[in-house]
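Okay, so here's the structure we're looking at.
Order as written gives the chain letters A, B, C and D; numbering starts at 1 within each chain.
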Amino acid sequence: MNTECVAMLLAGGQGSRLGSLTFNNAKPAVLFGGKYRIIDFPLSNCMNSDIDVVGVLTQYRPYILNNYIGDGSAWALDQVTGGAHILPPYMGQKGGRWYSGTADAIFQNIDFIDRFDPEYVLILSGDHIYKMDYSKMIAFHKKQEADLSIAVMDVLMEDAHRFGIVNTDDENRITEFQEKPEEPKSNKASMGIYVFTWEVLKKALLEDAGNRESEHDFGLNVIPMLHENNKRIFAFPYSGYWRDVGTIQSYYDANMDLLDSTCDFDLTDRSFRVFSNNMSRHPQYLGPEAKITNSLICDGCIIFGEIEHSIISHDVIIKKNTVLKNAIVHTGAIIEDGAILENCIIGSRARIKGDTRFIASETDLMPIIHVINS
Amino acid sequence: MNTECVAMLLAGGQGSRLGSLTFNNAKPAVLFGGKYRIIDFPLSNCMNSDIDVVGVLTQYRPYILNNYIGDGSAWALDQVTGGAHILPPYMGQKGGRWYSGTADAIFQNIDFIDRFDPEYVLILSGDHIYKMDYSKMIAFHKKQEADLSIAVMDVLMEDAHRFGIVNTDDENRITEFQEKPEEPKSNKASMGIYVFTWEVLKKALLEDAGNRESEHDFGLNVIPMLHENNKRIFAFPYSGYWRDVGTIQSYYDANMDLLDSTCDFDLTDRSFRVFSNNMSRHPQYLGPEAKITNSLICDGCIIFGEIEHSIISHDVIIKKNTVLKNAIVHTGAIIEDGAILENCIIGSRARIKGDTRFIASETDLMPIIHVINS
Amino acid sequence: MKNIIGIILNVDGEDTSLRDFLEHRSLSTLPFGGRYRLIDFTLSNMVNSGISSIGVIGSHKYSSLVDHLGTGKEWSLSRKTQDLSILSGTSNNRIGGLIKINLRNLQDNRAYLEHNSGEHVIISTPNLVTSFDFKNAYDIHLNNNSDITMIFKKDDPRYNLLDDDIYLDFNKNRVSGIHYKKSRVTNHFFAEMFIIKKSVLLRLLDLSKITGDWDLMEMIQANVDELRIYGAQHRGYIQRVNSLESYMTSSMDLLEFEIMQELFLGKKTIHTKIKDNHPSLYCDSAHVYNSIVGSGCIIHGTVSHSILFRDTIMHEGSHIQNSIIMQKCEIGKNVSLNYVVMDKDTIIRDNTTLMGRPHSPIVFKKGSVI
Amino acid sequence: MKNIIGIILNVDGEDTSLRDFLEHRSLSTLPFGGRYRLIDFTLSNMVNSGISSIGVIGSHKYSSLVDHLGTGKEWSLSRKTQDLSILSGTSNNRIGGLIKINLRNLQDNRAYLEHNSGEHVIISTPNLVTSFDFKNAYDIHLNNNSDITMIFKKDDPRYNLLDDDIYLDFNKNRVSGIHYKKSRVTNHFFAEMFIIKKSVLLRLLDLSKITGDWDLMEMIQANVDELRIYGAQHRGYIQRVNSLESYMTSSMDLLEFEIMQELFLGKKTIHTKIKDNHPSLYCDSAHVYNSIVGSGCIIHGTVSHSILFRDTIMHEGSHIQNSIIMQKCEIGKNVSLNYVVMDKDTIIRDNTTLMGRPHSPIVFKKGSVI
């Protein structure tokens, strides 16, 4: 068995800054854009990049995620050999260890990767919204004869202090790393997407695992070590939509970007589709009084009310005399007759009573969330 | 969603007494009878009993097991709702805990079971070879209005001290438990197969979880507690083939039972089939000098030698001038030209050199194993 | 329900009003209700009733049927246990005028029936829009040791009855007479689903082979005293699609919320092939009400009392009412449509106005460009 | 290979020697080699070459094809991305005498070709026993900017050439002439696989529609100078099954270990539908050599130079040699078979002796009881 590139998708994060959205659910499995889950984006990217072996590293509350990924067939990742593999922490003869860092998670699955005998390993994380053809990055990596390629994008100079910043020479070789620098020397930010030559990575992981000082993190430990060892590290320039959705506000904003026709992130573009694991649901039913503008609505919804600039997930029931504006409503929520909601996120299976009047001011940066159960 | 009975299959065991067979692999995923893995038996039983929600609790080296179970389609456990669900230990907000006992594993997955809102929960383990229609046991449980039913079988009185023994009244209600008793009062041994009324079990698990003295084991803690509380516990009598394959010797003997035409365990019986997750392989090829008697041979084998009273797994190559007798050969092994092997187990992908002469005496109770890799 | 084989017949035929939609597909795969195919109802009803061994008889236009059903995974039918079989049939059952239930197709698949261990067969046509649980009918069938149990309904003005439709007389609960519409004496009509003992079915097939008469209803009529025939009443919504008019009315029925609820919002849902689409996007200028909309639509205009299938694109200034737009159609700017039914991939250019009439909507073939 | 559509033609026909096996199935699903169907070779070759968009044209006997292929999962074809399509075809390609490559079936599926984004089409018949990687041929096709690239082989005594088989002349590497067998001047015969630019194929289809001539080989022959036609050589094992004799010889070829190795033991294997069977049980009295045996067999007797498919049961005292026993047959006690080919589900009663001859084996239909 030989596969050119194996993707390893870090999906173990709790995402505690997403509050109750991740109370019962891992961050990569949080709903996005109505019908999607965050992990759909990297998985669909893999599919669109012809990568057909993906290891998904899970740890925090993985039930929904495991169930959602299933056999990977939703992303055509169900080949006889290859496909999507869920990799939870496990016990060996000497007992079990949780994944203690991004690099440790890969270290503990060296055996898995070796089964496919790859040239390259692509490291992805499950909390970014973007479309990217990884095969171009792999081609870049090969052309540069790199040991490691890091996808980077230009950010606003005033935001650069919030990112891992890289400085490069004229040939895109990285000369310096600055982690959340006070005085950034460039505005090229790492997107947390890495292509490693597997031979180099494996050696580095073994070395890092033996280092008691290390936190076993790619950004903090492994990459600086490779840089010190003069490995060939290149920056792969990316331009296009990319969002980290690690906070409630960034999650809300990225959702609302989907309703902005001037935004360059387009879910409706059929040449680079985002796939998801769909359940069979009835089509949306719009009652005689329904009024919907500038909104995304999913299958299985029953709508009798008024909706403006909102994103409504599957199986939501919105009764008469309701008004929703700038709202995100997750699956199975019921909005009772008469409720008025603005600028908020309604959690899965929430039941909003008819006398609810929730109107957050526009400057209220933290929308309220009602979560009953996810 | 409502399912009458959810099965929970304890598949986390290391099976350390199986030596190198479980070096890299959980016990339930150990090969049996050539093409099967031990877990095929309880999973096929579920399929033949119309149980369509099965939670598989994993912990020790689950990669082969996870991959093998996949989406459960091999056992028709791939319904849109329901199906096979792999349940590894996971991290919650307060950190992660490994499963610390059979009851703890179920306790940590109460949420999973509650999703299906079942009346009954069937607890199975992944290390027994038998065919059983669980639906009969569930019908018995209902008829007895039991809180717990335990499958029991008659063992030889002189063996009873090795089992958990139950004593019953005339109506099969259990009056006493004896764990590996020196002086057994009956020969009814528990098979480790339980049907619980979920309401009763859930309460008991919550109580047990709060008990710091408990080892969180069904046999040692939860069932005695229920017995003390005067719950209705019944013995469901089973007769038929049943083997625990927890040691090398019992594993070897149970394999060899398949070649004994007088044994009442029949893999070839099509009315109660054992299913497995098959890979596509070419049919077996028997060369001009091949000679095979009283043996089971799997697809993908190439055989030029002589085989007697042996079980040969997939993709084994047996070259010319070889003699195998009373042997078990696991997948992908290669037996080179001239090797002579008797009374032994050859591990997966082992390569046996042509000058090997391994003839264990018939009284040698521990056959030798060559394992290179599983 | 392990003891039952489900058979879904093939009813392609000659009804000219649906001709434009049936050039490349059989009636069983006619798109319906925004995302379904007609056969989804019968197939889901069987699956939801616990039947896990189902044979679907295809026509010579099998490609769309095969593509739609796959191995039946979306209906929880397992390839491992060969739950779903797509069978070849040589003859058609009727739409209007032809044999109502043609046994020839069952004779062609006799080996399938014989190999299956089930002792009873539930047979249904594929063009019924209904949510029906066969369990109650099966209980009646078993309790009466019935040879045949016919599903019937009391007169229903929605159901588009034809002259060769069948009415049943009862003596207590047993069927004592079978009449065609014109000579009917009761108001219980046969709803084109029935349960039959496999042994009885095989005997009838033997008989047909000798007599050359393959019309099951005629055979039943001739043997109504010898056979133990009982009825099981259907009390819910049911429509049969066998003409453009019945297609139109049963589609528009879905816009009545009570019917929508009965068909789709109960515990047992109608399953269909899953397709990947983005959520439907309602733009600033959209106004959509009293309608059913599939996923993947992008809507700029006004839609009322209509059904839009998946992936419809509708541009600014357009109005759609009382119409059915199948998937992947594109409606240009300032288009006005009333009583129009268009098959997949149809494109309507800007500034077009099309006004059909309630009983004769304007119809467009797949891939039309107007 | 994303830019390629694979098309597997349907070649049902009139060859009488295989008639008994083709009553309920097309040639593409004829059981072969102990567990396969003929189409598995071509389909696996396409998949193994990286082609992930494949259309299989079925015949009116589509049921076995649909059952066998399912959604293509066993060949790693994904339902999600619609990798496999089972297409309807109205005409047959030839076995002997009829049109060699009949374009009518491609015309019927023109919409499938047009909707697919692939720019090249690999077309093959489904009855070739070979392990072939199309990558090299595709490179030749691209490097020469070829309209058509024909796979050919140098004279091969195994290959059962017919009078209407095609031989190629070359000018350097370009095909300069096309001849039928009787008028051949070279020893390079066309192996019934070719690559064609989709645009060229669509043009040829347009032409056929006008002229009414649907024979691709005749069209190529007539336009050999206008079209850029190149050849790609097949250097491995290849057999075509189009008669009982070629079925027999290509089956028995598998017993030569070198051929077995080439077909099945390389990195690229032949995939097929997975069935669940226990390992084959060789009993005390079994003696089996120089044979291929499927899983699920229970063998008490002696078998040599034969192929036993899955689930064969063979009782004590019986001898099988030079025979092919398809799946689920049962051979009674003290039976002796030599040069016999029996279809599925055949039962041979105790004490039967059947002796065919090498070139005219005794043949039994599916479900025979002897």
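We adopt the following convention: contacts are C-beta pairs under 8 Å (C-beta built on N, C-alpha and C of every residue); 3 or more make two chains touch, one makes a residue touch a chain.
The shown structure was predicted, so the numbers you read here are calculated from the model rather than taken from an experiment.
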item	value
Of B-D and B-C, pair with higher C-beta contact tally	B-D
Most distant chain from chain B by Cα centroid	C
Separation of chain B from chain D, taking each centre as the mean of its C-alpha atoms, in whole Å	42
Chain A and chain D, separation of their C-alpha mean positions in angstrom	46
Chain C residues counted as touching two or more neighbouring chains	73-74, 79-80, 271, 276
Junction residues of chain A, two or more chains touched	73, 78, 80, 275, 279-280
Chain A partner contacts - residues on chain B that touch it in the complex	12, 14, 16, 23, 58-63, 66-67, 70-71, 73, 78, 80, 85-93, 96, 98, 111-112, 279-280
Touching residues on chain D, where the partner in the complex is chain C	58, 60-63, 66-67, 70-71, 73, 79-80, 82, 85-88, 111, 276, 367
In the complex with chain A, residue positions of chain C that touch it	33-35, 74, 257, 260, 263-265, 269-272, 274-276, 278-296, 298
Chain C-facing residues of chain B, complex	47, 50, 73-76, 78-82, 275
Chain A partner contacts - residues on chain D that touch it in the complex	2, 73-76, 78-81, 83, 271
